[in-house]
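Chain naming follows the written order as A, B, C and D, and within any one chain the residues start at number 1.
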Amino acid sequence: MSRIGVFVCHCGLNIAKTVRVSELAEFAATLPDVVVAKDYKFMCSTPGQEMIANDIKEHRLDRVIVTACSPLMHEQTFRKVLAASGLNQYLLSIVNIREQVSWVTHDIEEGTAKSKALLNGAVNRARLLAPLTSRVIDVNPDVMVVGAGIAGIQAALELANTGKKVYLVEKNSTIGGHMAQFDKTFPTLDCSACILTPKMDNVLQHKNITLMTSCEVTEVKGFVGNFDITVKQKARYVDHDKCNACLACTEKCPGKGVSEWDEGLVKRKAIYIPFPQAVPQKPVIDRDACTYFIKGKCRLCEKVCEQKAIDFEQQDTSTTVKVGAVIVATGYDLMDTKPLLQYGYGRYPGVYNALEVERLFNSAGPTGGKVTLRDGREPQAIAIFHCIGSRDKNNYEHCSRVCCMYSLKFAHLFKEKTSADVYQFYIDMRAAGKGYEEFYNRIIEEDVKFIRGKGARVAESADEPGRLIVEAEDTITGKFIKLPVDMVVLSPAMKPRADSKDIARLFNLSTDKYGFFMERHPKLAPLSTMSEGIFIAGVCQSPKDIPDTVAQAYGAAAEALTIVVKDKLELEATTAMVNPASCCACLNCVRVCPYGAPFFNEQKGVSEINEALCKGCGLCASVCPSSAIIARHFTNDQVLAEMEGLMEF
Amino acid sequence: MSFEPKILGIACNWCTYTGADLAGTTRLQYPQNLRVVRVMCSSRINPSFIFRAFQLGADGVLVGGCHPGDCHYNTGNLYARRRLAVTKKILEFSGLEPGRFRVEWISASEGNKFAEVVTEFTEQIKNLGPQTKFKIEQ
Amino acid sequence: MATSFKQIEEKLKTEAAKLLESGSVSLVLAYGKGYDEKHPMPYVAKCASDVANIVFNEFCTYNMARYLVRYPRGTKIAVAVKAADSRAVIQLIQEEKVKREDLVILGIPVSGMKNPKTGETIDSKTTCGLYNPVLYDVLLGEEVHGQPVVSPYDVLAGYEAMDKDARWAFWQKEFDRCIRCYACRKACPMCYCDPCFIDQTKPKWGDKSPEPAGNLMYHLTRFHHLAGRCIDCGECSRACPVDIPLYLFHKKVAKECEEMFGQAAGMSIEDKPALVNFRVDDSDKILE
Amino acid sequence: MSQTVTPYLEMSQAIMEAGGEALKKCYQCGTCTGTCPWTPITHFNIRKLVRFGQLGLDGIEDLMWDCSTCKFCVDRCPRGVEIIDIVTAIRNVYSGGGMLPQSLRAFVGSMSARGNPWSGDQSKRNDWAGGKYPLYTADHEYLFWTCCTVCYDPRNVRLARATAEILNLAGISWGMPAVDVNCCGESLRKVGDLELFDRLKNNNLDYFKSQGVSKIITVSPHCLATFKKDYGEDYEVLHFSELMAKLVKEGKITPKKDFGGLKVTYHDPCYLGRHSGIYDAPRDLLKSLPGVEFVEMERSREQSMCCGGGGGGLWMEKAKGERLSDLRIEEAMATGAQVLATACPYCITMFEDSSRTLNVDEQIKIKDVTELLLESLDINIDEPVVDTCAI
C-alpha cells in the first residue's frame, strides 16, 4: 500500500483556464492509495513547495505527484523538495498538464478529461516507483591528451598550468604535428616554428606534463573519472635517460631511411631526430632502415656513443596510466592523390602535394627553403589545384576549409621566392575568417592569376620535355585552358588519421563515414563526445585552421577540467541492471549498448551491467527477450502500469 | 456523439517529448486524444508495449523518436527503427489495421511537426473507427 | 536421385564413432530409436558403444541444434543437421551461444523427409525448402540436386492476399485453439530463454492460462523475438498438438526481415542478428 | 544584341521532369568541360549546357547535340551529377518541340517505322545468317542478341558471322532472335526520344518473356548497357568478349594461328568500359592470341577517349578537325600498332570512316577483337555476303 499525495498546479491561469483544476484534485482523491490531493495557484512557488513538504510529513506520504508543467521545467525543483523532506527524490512523478494539455487546447472539457487520464496513469506508475540512489565515485585528478600536434600541446599546457598532471601521448618520436612542418601560417604569414617551438619546449620543461613520445594507446578501460589506459612505448633502441643528445650517432650512421618529416622528399639516417628543433631532441632508430637490423652487423652508433645509450635489445613495453578525463587530438592525414590518375601525382615529378610544398618553403626543409623542382630547376610557371578530393562525392564530400587559404599562402611564397607565374584553379574562393578576405585581396594584388574552374587533367608536354600541361575550363569565359607549367601543386582533402577508427573503438567514440570523430552536439557540445569524460579537439573532429584548432584546445582543456576539479562525481541513478535469475545469456544487451556498459560474466554465465558506463537509455531492456533487464525508473512494470492508467479514462 | 479515439503516444525524452513541449509553448492546437508516456529513448520501447497498448484498448499508437543520426544515445533510434518496423509488420499480418500504428521522427525543434502529426493521426484513427480486435473486453 | 537414408545412417554412425573414439567431441547429437519407426527420438551418443543406437530415417525431423545450448559453454559437440538445422547452428554461432570451434557439424543432405503425423513430404511450404546444409564439417552423402527451386515464401501468397479482417479471423481462430503447452518453444532451436517472458510475473505480460488475450500476447511477442532469427525449420508447427500453422507467421516475418534488412537468418556466421543491428542507411520506408 | 535574360524556370522544371533531376546538384566547377573530349576541338561546352538548363535559357539548342554520352564527365564529376541524364532530358524536351536535327530525322524515322536505325527491311534482319543458324527457343542457353548494326551494316555483318561461328566452335547452345524484334533503342534514348524507346523496349521485353529468355549475349556494348541499366528487368547479359575470355581461360577454345609479331592496340568502347566496367576481358583475349604484341595507347581504360559514335553521333555529320575518331586513330598510330582493335560495331564504323578519310587504311587496320579471335581459330567466313543494307 502506498501513500500518495497529488498536487495540482493552476499555474495562474495557464493551466486553470482550460483544465478544471479543483475537479482534477477531487478526482485524484478518489483514486486508490491517494491520501491527499490539493490544488494551488503556483506549486513551484515557495508556499507551494512548503505545502508539499508539510503534507509529506503530515500525511506520511511515500509518493508525490505534481500535476503541473513539463518535467523538463521543474522536475529538479520538486525532487529537491522531496529530498529535503527525507523522501527519496525518485519517488516523484510529474504530470505535464500545461505544455501537453492546457496550452494545446481551448476546450476545458477536453483539457480536464485528458488531465484525468494522465493523472490516473501517473498514480498507477507512482505505486511502482522505487527509491534510487546515485552512486558517487572518486575522481582521478589527472588527464591524458592523445596526440601532440598544436591542439594536444595547447590543451596539455593549459591543463598543466592549472596544476593538473597531464600525460601527453604522441605516436611519433617528436611532438609538434603538422604545424611543425609548415614554414609560414596564413593569413598573417608569421613563422610557424617561431610560434610553435617555444610551446614545444614548454611541454618538455613543464613539471606537470609527462611526455610520452613513440607511444600508442592500446587499451582503455573504466569510465569517466576513472580511466585505466594502457600505453605502449615503442622501442626506440636508444635509452633516452642516458642519451645526452650529442647526436654523434646520427653523423656516423650509414643507414638511409625516408624522411617522413620532409614528406619523403629526402632521405634521413636510420638513427635520427626528425628535425633540429624536435622535442625530445633525442634520436631513435628506424628498425627498417638500420643496417644492423637488416644485415646483422654495423652498430657504428653504439661505438660512437659515449653515454652507452644505444640499446639494440630494447623491446616495446606497456604501462597503465590512471586518469579522470581524456582529450583526443589526433589530427589528420592528407588524402593520397595517387589514385586520381588524371593529376599524375606520383607519375610526373613536377606534381606535388601541399605538405611537400610546405617543406620546400621551409628553411629547415630539403631544399633549405629554396623552391626548386625535383630536377633542381626553378619553376617558371606554377598551377595550384584546389579541392582535390574535397567537395567530391567520389572521394570526400566535405570542404577541407583551409586549402583556399594555404593555396593563397603558397602563391604568395612562390611569388616571393621565385619569378614564376602562379595560377590558382579553384571552384569557389572561401575566405571566411578574421583577416582572410583581406589576405585574398592582397594575393590578388600580387598578380596571381585566378582561374575559376576545377583542374581537370595534368599531362606531360609533348613539345617541351619536363614541362607539364594543365587542362581546365575557365568557367567565367567558358574557354578551355591548356597551360604549360613546370609545377603543379595539389591541395588534397584532409582526412582523419588512417587509424582514427581504431582510436574511436578504443575510446568508444562515434565517427562520421570518413572517420572524423563525432561531437556530442554540433553547436552546444562541440568538444564533448557521447563518451562521458572523453573530449576532442582539432582536425580529428573536422578540418579546421590553426586559430580554430587552438581555440578548441583551450575549450577541451576547460571541459576536461570540469571533471577533474571535482573530488567526487555523482553518477546517473536511472541506470539499468540485470536480474541474473532471468538472464538467458543471449548477449543482445552486450551487442546493442552504445556505451559498452553490459558485459558477459563468463563465470556466472549471465550478463552484467557496469553502471558507471550506463546512461539509462533502456535499449538493453527492450532487446532483452527474457525481461531480465530492469531499466530503473522506466521498468517494464512502471511503463505498463502507466499505459494502463492512461487508457482507462 | 462522435467517436473520440484513445491514442497512446510513446515519446523519447530528448526529441519528441521536448518537441511536444515546444508545441505547447508556442500554443499550437491539436486534438486531445493523445496521451503520452515519456521514455528516455525510442529504443526503450519493447514490442510488447505496443501489443499491450492495443489490448488495453488504444485505438492508435504513435511512437516518436529523434531523427536517425540525432539520437541522444547515438544509435538507439537506429535499433528502434528496425525493431518497430518488425512490430508494425507483425501487427499488420495479424490483421490489425495498418494505420493504427505509426512511428515518427520529431526533433526537439519540431513543435509544428508534432502538432501536425497528432492532428493527422487522430483524424486517421477517427476514420478507422474503434479498435476492437486486440481490445480485451472487461 | 532419392536420398538413401540407410547410407546416411551408416555414415552418421561411422563419423560419430570416429569422433567419440578420438575424443575430439564428448557427445554426438543425433537420432535414436523411438517406439516405432515413425517416431524416432532425439538421441545423444556419449561413447562409441552408444553409436549403435543411432538411426536416421525419413521421420527424423527434429532440429538437433535445439539441444546445443543445453550443455555448458565449451563442450565439444558433434551435431547432425539437415539443411534448416544447419542454419540454426549458424544463428546460434552468430548469437555466441556456441562457438564454431567447439562444434563438429555433420551435414545431412536430404530430400523426402516426412511429417510423422501426416505422412506428408516436408518441403518449402512448411520449411525453408533447402535440401543441403549451409554449413558443415562433414557431409554425410551426396549433395541433393535437381529438386524444384521454390521460394519458401510462395506459400504466403494466399494469406497475404486476405484482407485484414480475414487475416484477423484466421489467426484468432488459430490462436484461440492454443492450449499453451509450449511445445512450440520447446521444439524451437532459437527459443532458449529461461524463463520465457510469458512465464514471468514481474512484469506479467499476459495471462498464463489459455485465453485469447494471453495467447495473442504470447505468440505475437514470440514472433518478434524470433524475427530475423527464425530459420524456418518448421519444427514449432510439427510439434504443435493442435496444429496451429505457426510457420506461416514466422515465414511472413522472415520474408519482411529479409526484404528490409537484406539478410536471411542463419545463412552466414559473419552476419549479426538483424534486430540487434542496424545500418545507418536503413530506409525509413520500412516503417511505412 | 542585348545580354539581358530572364531565367525561364518552367523550362528547367520540364528538363528535370524529363529525367534531368541532377541539374540541381551541379555547382559549375567545370570538371566536366575540362574532361570532355569534345572541349579541345569544338565549341561544345557541357557545363554551359547544364548551366543553361539550370536557368532554362535559350541558346541551349546549339549545344545539345554534340555530346556522345561517353560518360567521362560523369565519372569525374565531384557532385555525382548524372550528366547524361541531363543531356537526354534536354534533348527530349527540345526534340519534343520539333527541334530534332536533320541528320537524325532519318534515324528516328527508321526506328519508328522499321524498328531499326538502318532503314533495313525487318524481314531481312536475319539474312546475314544465310539460314545457317537457329532461331532462339527455350531449349537454348543463350540468346545471341544481334545488334541491328551487325545485321544490316555490310562492314559489321562480319561481326555477326564471326560471333556465330565462334559460339558454335565452343559448343555453346544459342539461338538468334526472331526478325520481329527491335533495336535495343540505346541511341534513340540518348537522342531523347524516350517515348519511342519505351515502345521498342516493351516489344523486346515481350519477346524475351514469350521465349523464356534468361541469358543474353550481345555483340554491341550499347545493347549490353541498355539491357542492364535501362530495361529495368533482370537478365543475365554478357558481352561477347566476356564470354570468349572466359572460354579461352577455361581452355574451351584455343587460339592457334600465330600472328607473327602483329602489333595490336585496343580502344575501349565507352559503353563497354566506362558504362559497363569491362576493361580486362577484351585485353585478355588479345593477349591470348599467339604472336600478337599488345600495346596500350596513352589514354586507355577508365581514361579512354571516345570515338564520337555514341549518343546519336554515329548518324551525325561532323566537320574535319572535329572528329574524335580521327584523333583516336592518330593516337593509335603513335603506338606503332598495325591493328586498332575494339569491341563495338559503332566504334568500328567510326574508325573505318576515319581511316579512309585520313587515308591511312593501309597502315592501320580496324578490327573487332572477335574478328581477330576468329582468324586465330582458322575459320573462314569470307564467302560472298549479300548486301542487306537498304541504303
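Criterion: contacts are C-beta pairs under 8 Å (C-beta built on N, C-alpha and C of every residue); 3 or more make two chains touch, one makes a residue touch a chain.
Fair warning: this is a prediction, and the values are worked out from it, not measured in the lab.
Visitor: Can you list every chain that touches chain B and also touches chain D?
Guide: Touching chain B and chain D alike, sorted by label: A.
Visitor: Check A-C against A-B and say which one is joined by more contacting C-beta pairs.
Guide: More contacting C-beta pairs are found at A-B.
Visitor: Can you tell me which chain lies farthest from chain C, using the average of the Cα atoms as each chain's centre?
Guide: Farthest from chain C by mean C-alpha position: D.
Visitor: Kindly work out which chain lies most centrally, taking the average of its C-alpha atoms as its position.
Guide: A
Visitor: Taking each chain's centre as its mean C-alpha position, how far apart are chain C and chain D in Å?
Guide: Taking the mean C-alpha position of each chain, the two centres sit 52 Å apart.
Visitor: What whole-number Å value describes the gap between the mean CA coordinates of chain A and chain C?
Guide: 45
Visitor: Could you work out how far the Cα centre of chain B sits from that of chain C, in whole Å?
Guide: That pair's centroid distance is 34 Å.
Visitor: Using the touch rule from the top of the page, what residues of chain C touch 2 or more other chains?
Guide: Residues 197, 205, 275-277, 280 of chain C each touch two or more of the other chains.
Visitor: Give the residues of chain D touching no fewer than two other chains, as numbers and ranges.
Guide: none
Visitor: Spell out, as numbers or ranges, the residues of chain B touching 2 or more other chains.
Guide: In chain B, the residues touching two or more other chains are 47, 52, 75, 79, 83.
Visitor: On the basis of the stated criterion, which chains touch which? Give every pair.
Guide: A-B, A-C, A-D, B-C
Visitor: Note which residues of chain B are touching chain C in the complex, please.
Guide: Those residues of chain B that touch chain C are 47-48, 51-52, 55, 68-69, 75, 78-79, 81-98, 102-103, 105, 133-134, 136.
Visitor: Can you tell me which positions in chain C touch chain A when the two form their complex?
Guide: For chain C paired with chain A, touching residues are 73, 95-97, 192-197, 200, 202-203, 205, 225, 272-273, 275-277, 280.
Visitor: Give every residue of chain C touching chain B within the complex, in rising order.
Guide: Where chain C meets chain B, its residues are 159, 164-172, 197, 205, 213, 216-217, 220-221, 223-224, 227-228, 249, 252-253, 256-257, 260-261, 274-280, 282, 284, 286-287.
Visitor: Note which residues of chain A are touching chain C in the complex, please.
Guide: By the definition above, chain A touches chain C via 513, 582, 584-588, 591-592, 602, 605, 623, 625-627, 635-637, 640.
Visitor: Once bound in the complex, which stretches of chain A touch chain D?
Guide: 341-342, 387, 391-395, 427-428, 452-457, 471-475, 478, 480, 482
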